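The structures considered in this document are given below.
In the two complexes below, chain A is the common chain; its partner is chain B in one and chain C in the other.
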Partner chain A sequence: MELYEGGCDLKLLETLEGHGDRVWSLAWNPATGASGTPLVFASCSGDKTVRIWEHTPSPSATWTCKAILEDTHTRTVRSCAWSPSGKLLATASFDATTAIWENVGGDYECVSTLEGHENEVKSVSWNSSGTLLATCGRDKSVWIWEMQPGNEFECVSVLQGHTQDVKMVQWHPTTDVLFSCSYDNTIKVWADDDDDWQCVQTLGEPNNGHSSTVWALSFNASGDKMVTCSDDLTLKIWETDNVQMHSGDGYAPWRHICTLTGYHDRTIFSVHWSSEGIIASGAADDAIRFFVGNKDGLVDGPTYKLLLKKEKAHDMDINSVQWSPGEKRLLASASDDGVIKIWELVSSSTGNGY
Partner chain B sequence: MVFELINANPVVYEKKERRARSAPSDYSDEYAAEPIDQQEVFDHVRDIKDPEHPYSLEELKVITEDAIEVDDMQSYVRVTFTPTVEHCSMATIIGLCLRVKLLRSLPSRYKVDIRVAPGSHASEASVNKQLNDKERVAAALENPNLVDMVDECLAPSYG
Partner chain C sequence: MEDIFESSLHLEETHFEEGYSDGYKHGLVIGKEEAQQVGLRVGFEAGEELGFYRGCIEVWNFAIRVDQTRFSDRIQKMIKQMEELVEKYPVFDPESESVQELMEALRLKFRAISATLGMKLEYNGYPKMGQDPKEMGF
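Coming up: the complex of A and B.
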């Protein structure tokens, strides 16, 4: 935590080229980066491919593209997500399908294709145990799929409720509660009540929610806080009662606790909360920003302050920012400029961070 | 598909005189950023053809030079267009044409916002939101029918 007090810098470690079009999204393999396993992440693009990147620590630390997943999706690959064990990768495409890939001795094989959405699939997410998969898309629906033996996926629920294009789905980090955010400006919370999935809460403008498209959301490590980002140029922090949530004693509702306004100049496409509490945002103004909780503000409820702003982090819009698993404060960013950058957030030698 | 014309009898205006762009000095560094101005952006979009009439956006006064704002220092362009009728269902396709033309014509550092003129369209907010959602624009541009339509409208603008 001393890092924040002394100020910090964002150091560019490497720029990864290879995609032939904008890079929409990336995902770190959660089972890598610890106990000597090299870090791995996947990136997906408007070039219809997915690339798998691996870190080679020695002799000189570099990133290598280990595999290109192509000839399966026929349109843009919008989003990708690893199963918690890191063995399967799911990819969501504008071609209306979601593909499941298995790593077989370094080769990635498409082992399943999930069909059902009417048109563009925008996002995919695994629950914490890796038994459920959620997808969402332009057809305004959210689908929940249950994993069966032999890489079979059965659709267990089609959730209607959003009135527009659904941009992102994300499972809660510890419970089987699903979150979706949409072009209709709302975030919806979905829970399983006796095998019947339903919307248990809608966070919209009347609850201090967003006034334009909500593009992404992310949870803190303990899962009692959530950050959302929007086309309305704000980040919003939401909170729930952690004790009630885990007691099984009814649904613990989420409430708005703070809006970070005035920091972003254009649409915020991506937000990610690190395990140690640093929120990173990637926006259409080509900048990456970092925010941390402000301990001084506890009297009036938590507040958040800008820790660092990296201008011109990319040449074009930043679509995705993701913290790596593992020890180091590594962040990967993906952009319309077609490249992925690997950054390290380091203590600043000069004192003040920004 | 639309079989009836949205606006059967549009008013057609005269084209503005085309001004020559001031020639860049011959000793200039070819890598030096040359400032982009209102007139240059207007020249890129004025000859785009209306989706349902054989007239340009300039002739229908959908686009005027004054409706283009440029901040070259900030790499920012905003184009405000005026649909010929308030309920024009062609507004999103016109906006898409403007976006695609500028995407292809301006350096990639540029941020472009496209909107309908305030008060000129019955669904102003939703048209503006759709035109500025790059994910939906990207998806639209993977639709071959839509791309054909856009390319047909853009053809006269590549003079």
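Coming up: the complex of A and C.
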């Protein structure tokens, strides 16, 4: 895929300070960035707060912190996720709770608190219809919650299976199949049969899986491929049969198709697949890398190559990289250095996004 | 003549066998006492936990009868499932392979139900979910 003729660069648009501790995670509000709505994202930190940032378009074209969600979590906020409608924000904390916030006229109110995990909650994810929420944590369990009227949540299932700390949960972009990855080196796929949730597949070393902690996973836009990143210094691409997935059985097996090795020399903490097909990774060596696949009629399937490496993107480990919604190729990155950076992938020749 | 020397030649062996036999008899007695204590304790703990869940289920069922509308279909189904698990627990067959599995399933169901009901009830007797069984000392 030739993005720009003459290559591309990662241009730093802005550096956002404010958090008093490492920034763990970011989430873009999916209902922003289109038809005149300015882009909004949330960031969460070791300082126990969540900050909401909004883009002010021209002339100043800058980012301001519109709200600070504090005095609720009593420990680090590790992960945050917007509901698909953009109306609710879920925040997962080391204090073993997950808080649900609603934007009420510019102010964010905590409308619900989900308790149940024994200890640190590491990740939270909404399904594509916004009816289900999944959380996971150090207690090795994955919880599925269903939203009820009045912002109440009912626990649908508590899933045991991972043998270690579960680092991330992520719903499939089009079907209600849940994915989790863990310190136990595996990725598990969970599907339900009328409210009875089971682990339908485990992707581990025997399936060409990772040989160390799997930190994150991300789907491509069509949902037939998934990329995972690990402490084993590789990215792995997995594929499924999308037709079978939507055929009503609800689930089709995943298989490994490619391992990207030799590009990272420190743990990769975050990976995100853009809607256009560019994979961004954030690692412990403070660098952000971009990969693209090319399918040009190769017998063995697509190959992936390194598009760009941005060294010293931050002063410390990068914990999260997230592509923004909307048309521009914007990327937000969060780091142990307490700072958030907004980048744009631009053409080397024009210095712009076109 | 041979017999006199026989016994002194095999002295070590004789002493060994005597000592072994003494130790074995002693071990049988001590072992049985210890096993009985462990069995009583483990049995008591399992019974106490099972009883706790039974009690919770009874209270919940009563509450459902009082006002069914306050409990969603899903919660009622879960409570029923938990009830089935309690019934299935082999109280008279401690060596059954399903005891560990059933107890784990009960604990999970209990956590899910109390999380949905918003109750902060916890059974203090059992080890926490995240704890490695090898860390538990008896």
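Heads up, the rule we're going with is that the second predicted complex is superposed on the first by the 339 of 354 C-alpha atoms of A that agree within 3 Å, B and C clash if a C-alpha of one lies under 4 Å from a C-alpha of the other, contacts with A are read in each partner's own complex, and residues count from 1 in each chain.
To be clear about the criterion, a residue touches a chain if its C-beta (ideal position, glycine included) is under 8 Å from a C-beta of that chain, and two chains touch if they have at least 3 such contacts.
Just so you know, these numbers come straight off a predicted model, no measurement behind them.
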Fit or clash - chain C, chain B, common chain A: fit
First (chain B), second (chain C), both or neither touched by A:Gln148: second
Touching partner for A:Arg138 - first (chain B), second (chain C), both, neither: both
Partner chain in contact with A:Ile342 - chain B first, chain C second, else both or neither: neither
Angle, in degrees and to the nearest 10, that opens at chain A between the C-alpha centres of chain B and chain C: 70
Touched partner set for A:Gln160, first chain B, second chain C, both or neither: second
Touching partner for A:Phe94 - first (chain B), second (chain C), both, neither: first
Partner chain(s) touched by A:Gly116 [first = chain B, second = chain C, both, neither]: second
Which of chain B and chain C A:Val271 touches, first, second, both or neither: neither
Which superposed partner A:Leu203 touches (first chain B, second chain C, both, neither): neither
Chain B versus chain C as contact partner of A:Val214, first or second or both or neither: neither
Minimum distance between Cα atoms of chain B and chain C in the superposition (Å): 11
Common interface positions of chain A, toward chain B and toward chain C: 119, 138
Chain C contact footprint on chain A (complex, rising order): 114-116, 118-119, 138-141, 143, 146, 148, 153-158, 160, 195
Residues of chain C touching chain A in the complex: 72, 74-75, 77, 104, 108, 111-113, 115-116, 118, 120, 128-130
Chain B partner contacts - residues on chain A that touch it in the complex: 22, 46, 75-76, 78, 94, 119-120, 122, 138, 165, 167, 183, 212-213, 231, 266, 284-285, 315-317, 336-337
For the chain B and chain A complex, residues of the former touching the latter: 108-109, 111, 129, 132-136, 138-139, 142
